[in-house]
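Next up: the structures, one after another.
Shared chain: chain A. Partners: chain B in the first complex, chain C in the second.
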Partner chain A sequence: MGELAIELKGIDKSFGLVHANRDINLQVRKGTIHGIIGENGAGKSTLMSILYGFYQADSGEILVDGRPVQIRDPNAAIAAGIGMVHQHFMLVENFTVLENVMLGAEESRILNAGIAKARAELKRLEKEYALEVNPDAVIEELPVGLQQRVEILKALYRKADILILDEPTGVLTPAEADHLFRILEQLKAQGKTIILITHKLREIMAITDEVSVMRRGEMVATRETDKTSVEELAELMVGRRVLLRVQKGEAQPGDVKLSVSNLTVRDSRGVTMVDNVSFDLRAGEIVGIAGVAGNGQSELLEAIAGIRRAVSGSVALNGEAIDVTGHADPAELRRRGLAHVPEDRHHVGLVLKFEESENAILGYHDDPKYRRGLLLDIDAIRADAEEKIEKYDIRPPNTRLKTANFSGGNQQKIVLAREMERDPDVLIIGQPTRGVDVGAIEFIHKRIIEMRDQGKAVLLVSVELDEIRALSDRILVMFAGRIVGERGPDATEGELGLLMAGVEGRKEAAE
Partner chain B sequence: MSVPYAKLPGWVEYGLIPLVNLIVAFMVAGLVVLVVGESPLEAAYHMVNGAFGRGEYIGFTLYYATTFIFTGLAVAVAFHAGLFNIGGEGQAYVAGIGVALACLWLDRIMPWYVVFPVAILGAALFGAAWAFLPGWFQAKRGSHIVITTIMFNFIAASLMNYMLNRVMKPLGSMSLETRTFDTGGQLPKLDWLMKIFGLSVGTSPFNVTFLLALAAAFGVWVLIWRTRLGYEMRTMGHSPAAARYAGIKEARIIVITMMISGALAGMMALNPIMGETYRMQLDFVQGAGFVGIAVALMGRSHPAGIIPAAILFGVLYQGGAEISFEMPSISRDMIVIIQGLVILFAGALEHMFRPAITAAVLAFSGRERTEAAVKGA
Partner chain C sequence: MDFLQLFLELAQSTIRLSTPLILAALAGLFTERAGVFDIGLEGKMLGGAFAAGTVAFIAQSAMAGLLAAVVVSILLSLVHGYASITQRGNQIVSGVAINFIVAGSTVILGEAWFRQGGRTPALAEAARFQEIDLPFAEALRGVPLIGPIYADLISGHAALTYFAFLMVPVTWWILYRTRFGLRLRAVGENPGAVDTAGISVVWMRYRGVICCGILCGVAGAYLSLAANAGWTKGMTAGKGYIALAALIFAKWRPVPVMFACLLFGFLDAFAIRYQGTPLPLVGKVPVQLMQALPYILTVILLAGFIGKAIPPKAGGVPYVKER
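Right after this comes the complex of A and B.
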């Protein structure tokens, strides 16, 4: 047993009625990589926010290097040697790397002296930890992997000995993720302590020395990574046995249900996001679109669903054209048999302030069965919502609860129930399990395969390569707005990873 | 990351917190009175007595409240669709034309109960028309509704100046107002309602428009929470992206919402024109459109909150007039200060006491029960 870098004793935190952390004890040994896993809403982020000073614990004690400390705000955390790399980067996009690293640690009002010092220090850090970045590059021009490196440099510049990384691989290609892990190993070798928060069991197994599992606000177990298994960890997270990979039979592809040809979509700034994309989607098959976030998958889905106008190209649903370059009407598309589970359930797929039952009709609120005369038939709407709650095991089973109060997995089930129960011909799904707990993932994957087996055409977009490989019958890889390859479901991760990184275009990511 | 505030029981959310905010606002107002060199207690007495002391005072209080219910509802309806209609003032003002036309046309040949529905229609139409333009500019051209509605207030003021000066003023008259309406253009007072409570309306202009305001409040509730249009409005108000996803037509909702909002603001004109002065005078709205913003804020854009909030502002208007009458060193501007404080504490600083009250309520109601309440969340 080495010395402890961090020890938490009896940390307790409630937000009003929600008990987010319950008597948490945690010991992180110096010079190790310590993983923290747990389902969404298990309290990982809250715990780390307490450690980093965003929140104050209601009770409990924090010891850093054996000394009790009070962490009232992030400055106190930095002073105690704790640095954090957030899931969503906290960088000023139009500043250079150097400016971002200095920000908040300028040391004097006149910048010049500080800049020279910072530049020297940055050079030293880059050398010591093999974290090469051009200090004069502007952040928004850097790929995500490098932006993350800047975040790490920021923490090191502030003399952090303990680094917290919150879901660091969510935005990275597999190659970039591997590179990150090499950096973390390097940091560990230099004596830094790393806390890695993730929900990806594979990463935990690959890189951590010890792993702690959280469930429902409690710390349920700590294991040495060598002595545990993916299955055991999954079970600890969920509290029951889970199937990590769903079983599915052979696909029985039928007629073409959705046909996309030469579709081109630009974003509001005029940047081409989808570049001349064509493919067919048949009844009874799942086509997965793999790719690193931001390579045009979102825009492709939105254009097909009629909520983003395409510049050129055409899409046919059941053989009839959709006016994707003009005024496609999402309500009309729904009536024609297209169901859409959007990527962003918080802002698009749901209205979080609505009651559950109100969200259960979103987009289908025109249906006469929800109406009685001029008014909405609240009883019918609630009865309908109750049926779906029952069938999709949405918890808590309360149609009148505000949607914001459901967990991520249950929110997603509300959307899925709404879209799937309409018996659509074509189902397009974006990020079906983002921010969803392991238990619900299994359920959602099963439902998607059931849809396929009922002869629906399913188009699946996900940044989780494992998910794409587990569900798809065909895999299309998108890079920089184009489809750069098609593979079968047995394609290896390495093969897909290279395509996703656009090997021919970007040497850096594929090294 | 996580919800910063817990969900509180209804009586705390809609009762205790507004009440605490209100008490603080009055305490600060009391300090101001003290600074002026008067007794806050005496002022408070005149305020309460002036608003409730006699049937006649209550009549005045409710007369003002009637006006504020309409303008408050107007702001609230737009709020639900994510629109901030600051143009209630102008919409109500222009709506006066609709009311006056109905009265001038029918007052000598029809009884009030025939003229009233026509005037309601006229008020709603003119108010809606005045709100239609900003709505349409927002929907089609992206001109921000806050800016355009403010500008339309000024245009309305000029337009009404012109109308009263050149068009609607009787020949030979010196004052900027229409002729006085005959009995058909005069709404009956609610004597019978006051009599139930053993009171008399006296000289106060408390009239049937009050009942229309209550009906409008109920109508707004039905619209927002029980119709498809209301559902679409709320979806858009909470999340425009979700509305687009659901196939809700944004432009259509903006225009319709603004017209409903304008119609509600417009109906306010019935109260002073047909209920008090029996003619349309220059500047008859007197800031009620702006008070509506405060009323909607305080009432949380819910009709059940707007009615008490409107009555509160009625109290401030009527009781305040009484204070300035009884205590000469306190001018009518004092009332504006109190109103400002109420808006400050109930609107802008709404969350100031919330954390403390939340903590107190949780400590009081006990952990076990609250945990049981969120089981499974």
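Right after this comes the complex of A and C.
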């Protein structure tokens, strides 16, 4: 047991009604990489913002190197040797690297004196930690990985010994993430202490020495990384056992519910996004549309849902045509039994400034059961929302809370509850689990399979290949606007990957 | 030499007319670079001009008038700062409100105090900024070309005009060569970066707003103490808006601001010089059209000729920590 770089005792913090951190105790040993893991909204970022002086704890004590410190603002954190790399970079985009590094640590009122010194110091840091970056490059012209490196340099320039990284890999490509991990190893070898906040289990296992798990504002466990497992951590995060793959039985396909033939859709620039696509969707089956993002899946979904006009082709719902090339009316389609969970819940699926209960009926607000004459029946709407909250385990269970204040997973559940509870014949879902936590993913997958087992026809679009493979009874692969292949649920990742890259598809089409 | 004479006349008038524009546009530059948009340059200038006219008359001192203008203008910008920084209000609404309040209250106060129908009493020479003759201006007048340019164009302006032109390189230097400038520019682009660097976003923005107040005050004083002999109602006549246009036209950079203001000043000078005079090709142009020319050109220039003017990214947005 080495010395402690950081010790938190009884940290407590509330934002209005939300209790973000409850009596948190944490010990981080010097010269280690310490992971903090938890679902979105578990309070990780709040805790670290307290450590960096961005927020003040309501109560509790912070010790740095064994000495109690008051961290009232970021200045105090910097003085205590704490540096932070924020999830959303705190960089001035039209400044150079050098200007960004100097900002707030300029040495004197006139810049010139400090510039030479900063340049030399940057060069030294570059050498010591293998963090190459051109000091005169403008931030907005740098790739994201390098921007992050500038953030790290900023912290090191301010002589940080303890480095906090908040979800550092969220914006990085896998290769950039690997590079970051090598940098972190290097920093650790030089004696720095690193706190890594993430919700990705793989990263925790790959790089940390110790890991602390947060759940709903509480610190629930601390483990040595090599004495724990992905399964144990997932269980600690969610608070119960998590199935990483949901079980399901054979599909019992029935009648054709949705029939798409020769559908062609162009985007606003006139580029053909969906090119002569045809398929049938039957009751009691889940058809998954796989593909790399941007290959026409979004436009296909929007055309069927009646929110984007198609150029040609036809779509029939329950045997009756939808006017996809003219004025399809989404409200009309809803009445005819088509429910749509849009890909982009923030812009299409929800009005974030509305109360939960308002979003829970959005699009169905014409229904007489939500109305009293010309007015909305608020009591009925709230009662209805409460039922859905109960059934879909939406947290916090507060129908009057602004939707923006729910976590991504819970927002998604609000949309799913709204669409699924209307008992539609056809459910079309885009990216059901984008930005959603492990625990909620399991729930959502179960609900989608339940819908199928009730005899609904489900069309699923997702860029997560694992999700497509876990849920679909049939998989259609889209590439460059065309369906380039159909596979069963047992198709391998490699096989689908080739189709998605357009490799196999061209061959198949040629035959 | 007729042509030279004409050129000198127009150029000198351009400089006079550009001076308040340059001061006001630089004022706007300080606040907008800090992320606080200010449509109230007009109001602050007018308030400053009124204070200058009033105090200069009472104290019979131009310097006292200037000081009063700066103080009043700073107070007005602090109102704008309080509304838009501290209270996180809408910056456009606050700026417009200041314009209206000043336009109305100056007339009421002027009438109540002086009863001269919307003006302050005419100032004596001593209570105004005099034109300064630079050394050797008369001696050099005889030298061909350079002589008249030095004597008639460069020499013979009020001190505030020299101050305005001096402020151009000074502003550049402050913005790009000092710690204050670096932080000011940063706070207008990404206040989050400033906050996490341990610098107060609020204080930085207030400092930008105060700089704006000082320069607007000087611009107002120039109008009533140098360009005219006292304050008259609505004497800014849209100069604050033209300065704002110049600021956008110059993409928030000090040296281009000067050139943009000179251009607008020139248009104004041209309109004054040629109103009622028949022009070659087009013949006699109505006075109203000539007077509208600077504004029409502003619209055309802003609409198409400057390419994309990207304002400071955090401009107009009150800073709130996440959550």
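Simple rule for what comes next: the second predicted complex is superposed on the first by the 273 of 511 C-alpha atoms of A that agree within 3 Å, B and C clash if a C-alpha of one lies under 4 Å from a C-alpha of the other, contacts with A are read in each partner's own complex, and residues count from 1 in each chain.
In this section, contacts are C-beta pairs under 8 Å (C-beta built on N, C-alpha and C of every residue); 3 or more make two chains touch, one makes a residue touch a chain.
The shown structure was predicted, so the numbers you read here are calculated from the model rather than taken from an experiment.
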So, does A:84 touch the first partner chain B, the second partner chain C, both, or neither? second
Would you sort A:73 into first (chain B), second (chain C), both or neither based on which partner it touches? second
Is A:32 in contact with chain B, with chain C, with both, or with neither (first, second, both, neither)? neither
Between chain B (first) and chain C (second), which, if any, makes contact with A:15: first, second, both or neither? both
For A:329, select first, second, both or neither according to whether it touches chain B, chain C, the two together, or no partner. first
When the two structures are laid over each other on chain A, which of chain B and chain C touches more residues of chain A? B
Quick one: is A:212 in contact with chain B, with chain C, with both, or with neither? Answer first, second, both or neither. neither
Shared chain A surface residues [contacts with chain B and with chain C]: 15, 54
Under the touch definition given earlier, write down the residues of chain B that touch chain A in their complex. 1-8, 222, 226-228, 231-232, 234-235, 238-239, 241-242, 244-248, 358, 362, 370-371, 373-377
In their complex, what parts of chain A are in touch with chain B? 15-20, 45-46, 49, 54, 305-307, 329-334, 340, 342, 344, 347-354, 358, 362-363, 365-366, 371, 374-376, 378, 395-396, 402, 404-407
Using the touch definition from the top, list the residues of chain C that touch chain A in their complex. 177-183, 185-186, 189-190, 192-199, 313, 321, 323
Contact set on chain A toward chain C in their complex: 15, 52, 54-55, 73-75, 78, 84, 86, 88, 90-95, 99-100, 102-106, 108-112, 114, 154
